[in-house]
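Next come the structures, one after another.
Look at the two complexes coming up: chain A is in both, with chain B in one and chain C in the other.
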Partner chain A sequence: MAEHVILFTGPMGAGKTTAIQTLSEIEMVSTEASNTERHIVDKATTTVALDYGEITIGTDEKVRLYGVPGQKRFDFMWTILKERARGMILLVNNDAPDAIAVALDYLDSFRDLVESGSAVVGVSRRDVSRYPSPDDYADAISAAYPGTMIPVFSVDPRDAAQMTTVLLTLVATLESRSSVEEVRS
Partner chain B sequence: MSSSEISPDDVSTLLERFTVVPAATRSGGIPATGWARLAMALQPLHGSSDVLVIADLADGTSIVIDWGRRDYWRYGGSGIFPVDATVTNVRIYRAPGARLPYLVEQPDDLSTLLWYVGLHAFPDATAWWFADNCRYQLTRWPDLTSLVHSPDQVRMTALLGAGIYTADELGRAAGVSMRDARTLINALGLMGLLRETPVLAGSPVVQVATERKLGLFGRLRARLGNI
Partner chain C sequence: MTAIHRELRAIEIGDAALAEMRELAPSLVFAMIVTDDGFELAHAPQNTIDGGRFGSMTSSVQALSEAVTRELHIGSSGYVVIAAENGHVLQLRVPGHPLILAALFDNYETLGKALSISRRCVEKLAVDLPDTGPTIHP
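Right after this comes the complex of A and B.
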């Protein structure tokens, strides 16, 4: 069976679990526990191992959606998963203090995927905090990764159409780069 | 202050000098009255700030654009932009060094207007600001989730992010008509998101797939449905 692993990463409260619930065709497998960082994000539980969802295509192909823990003390999980990942969706809540710095920090943890253009950034909670804008994020990412163009979209992780656009954009970006490389070779 | 309390006349009193933009024309001198007229007035403004634009439509709609803040709002009319608009007047107000006060609580994002106008301004042609016979490359992704878009436009935008294409090459690579490819290029161009490179005589033709490959994108699109 062909498998395509897509990672969802980002800080606690950005909407990773919700995004996977929105896209997954199966009831999401979730491993939540008490949030020990309630002073940072006021939610009762947070993902401590993985969220998992999937999309089946035909009879022999699956897109596997993994949400990795937002708390950095679980970053050993990231190392395991990113080696299998075909691409990454970073979700950042725009009302976080210094949200752009948070985004850059997470992108740095997945530098290989970012530098190969295998990432999309989704900015959530823009209804709460309109700024920084997606262009502000794009400027910061371009400065940190010259020559790399990462799509940055406003997202509501509950919105199926928006999350579909994010996922299709990631796949289109991966395949477009591959097709150009094929032609060049 | 709500939008209903604001009129373009109120706005104009905020600025001391203004320039009336003449009807946009292409190099051959053909005047524009549709969305092309607004597009031709807006496209040169990239890189500017502290500029206010007011466009009047024949149906009574006025569009007020705060270019520096990347916002716009509309006043009067039916509240729905027609596909084929008649733009009766475009005025550009400049206030060097000044910022306009926030005039409405929730203006719309300018990119949504530029996307709409760009898609409809030149239905059968490449936008007039582009030179003839060019290839195009994306310089930044638009915030697609805030725009009404199709999966084909996602795929074409991704292609423009990875390579350099003429409209014809882009259409063939994405498996869509040249008209659809050209329309997307016009919209991205009006949004200031493209770099153009002249196709020099004798330069190699870009090799593109002439048949639409299904790929994971196509299979996922079929599985998830249209956006």
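Right after this comes the complex of A and C.
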């Protein structure tokens, strides 16, 4: 059985936990704690270690979904989890101040995955803030990582069809890269 | 409502509880009281360890231990021990409050005494701290 480990990264409130909940076939393992920074992001709880879910693609391809805490003070968890990840879905809430800069900052923290083309970006909360557009993100990412293709989607993390499309895009990218590497070797 | 780690009275109570803990256990290298999401209420002694990072790690470890107990249906997590070559870390929840005590002891303390002193500290905090309303432990 083929297996992929995919990370969900991005700032607090972007929808990482919701996205994994939406996609997972098993009951999600969560590590939520009371959020004492409600003046920054108004939600009752926040992820402090990881979220974990699983989904099977096709007949025998298992994808392990790990969500990392959004806050930088938990970046030791980023280091632990990115070592085992094959790909990354970055979720960015479009209503964040300077959302494109936030996206670039998170991409930089996971630079190895980004530079190997193993990343996809999902822009959430576009119902709250229409701009910047996905094209604006794509342009900024292309400028920061010339020659690297990072697909950008507009997503609602609660929507299973949309999140599945994002995930399958990433898995297809990883598989095509593996095929190329096999041919080369 | 002000977050508990920003309330002066709560910080004073935390400082006093940690000072008493140090008197009881000379082997206590560092102790910290943090919110569920890793923000510091109090720590002792000063200027020894990067409290911000230790606080965040405490929050993650506590949440992971509670995720394991939930997954295995073995009831609530009593305490967490990290036993290392040159010391051990103990973590306990403060009953009734969204707070965790994390304490690093050197090897000159038995685990039993360290646990007993840590329990005494969180029980005292539970009584002395102002009510913070219901806590959320998913």
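Everything below uses one rule, namely that the second predicted complex is superposed on the first by the 169 of 185 C-alpha atoms of A that agree within 3 Å, B and C clash if a C-alpha of one lies under 4 Å from a C-alpha of the other, contacts with A are read in each partner's own complex, and residues count from 1 in each chain.
The working rule: contacts are C-beta pairs under 8 Å (C-beta built on N, C-alpha and C of every residue); 3 or more make two chains touch, one makes a residue touch a chain.
This structure is a prediction, so every number in the text was calculated from the model and none was measured.
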Clash-or-fit label for the pair chain B, chain C on chain A: fit
First (chain B), second (chain C), both or neither touched by A:T31: second
Chain B versus chain C as contact partner of A:S116, first or second or both or neither: neither
Partner touching more residues of chain A, whether chain B or chain C: B
Apex chain A: angle to the C-alpha centres of chain B and chain C, given in degrees as a multiple of 10: 160
First, second, both or neither for A:M77, with chain B first and chain C second: second
First (chain B), second (chain C), both or neither touched by A:S154: first
Smallest distance from any CA atom of chain C to any CA atom of chain B, in Å, after fitting: 25
Touch list for chain A against partner chain B, complex: 4, 55-58, 61, 63, 117, 133-135, 138, 142, 149-155, 159, 161-162, 164-169, 171-177, 179-180, 183
Residue numbers on chain C that touch chain A, as the complex places them: 3-5, 35-39, 52-53, 56-57, 59-64, 66-67, 71, 98, 135-136, 138
Of chain B, residues touching chain A in the complex: 70, 138-141, 143-146, 149, 151, 154-155, 157-159, 161-163, 173, 206-209, 213, 215-217, 219-221, 223-225, 227
Complex contact set, residues of chain A against chain C: 29-37, 44-46, 48-50, 69, 73-74, 76-77
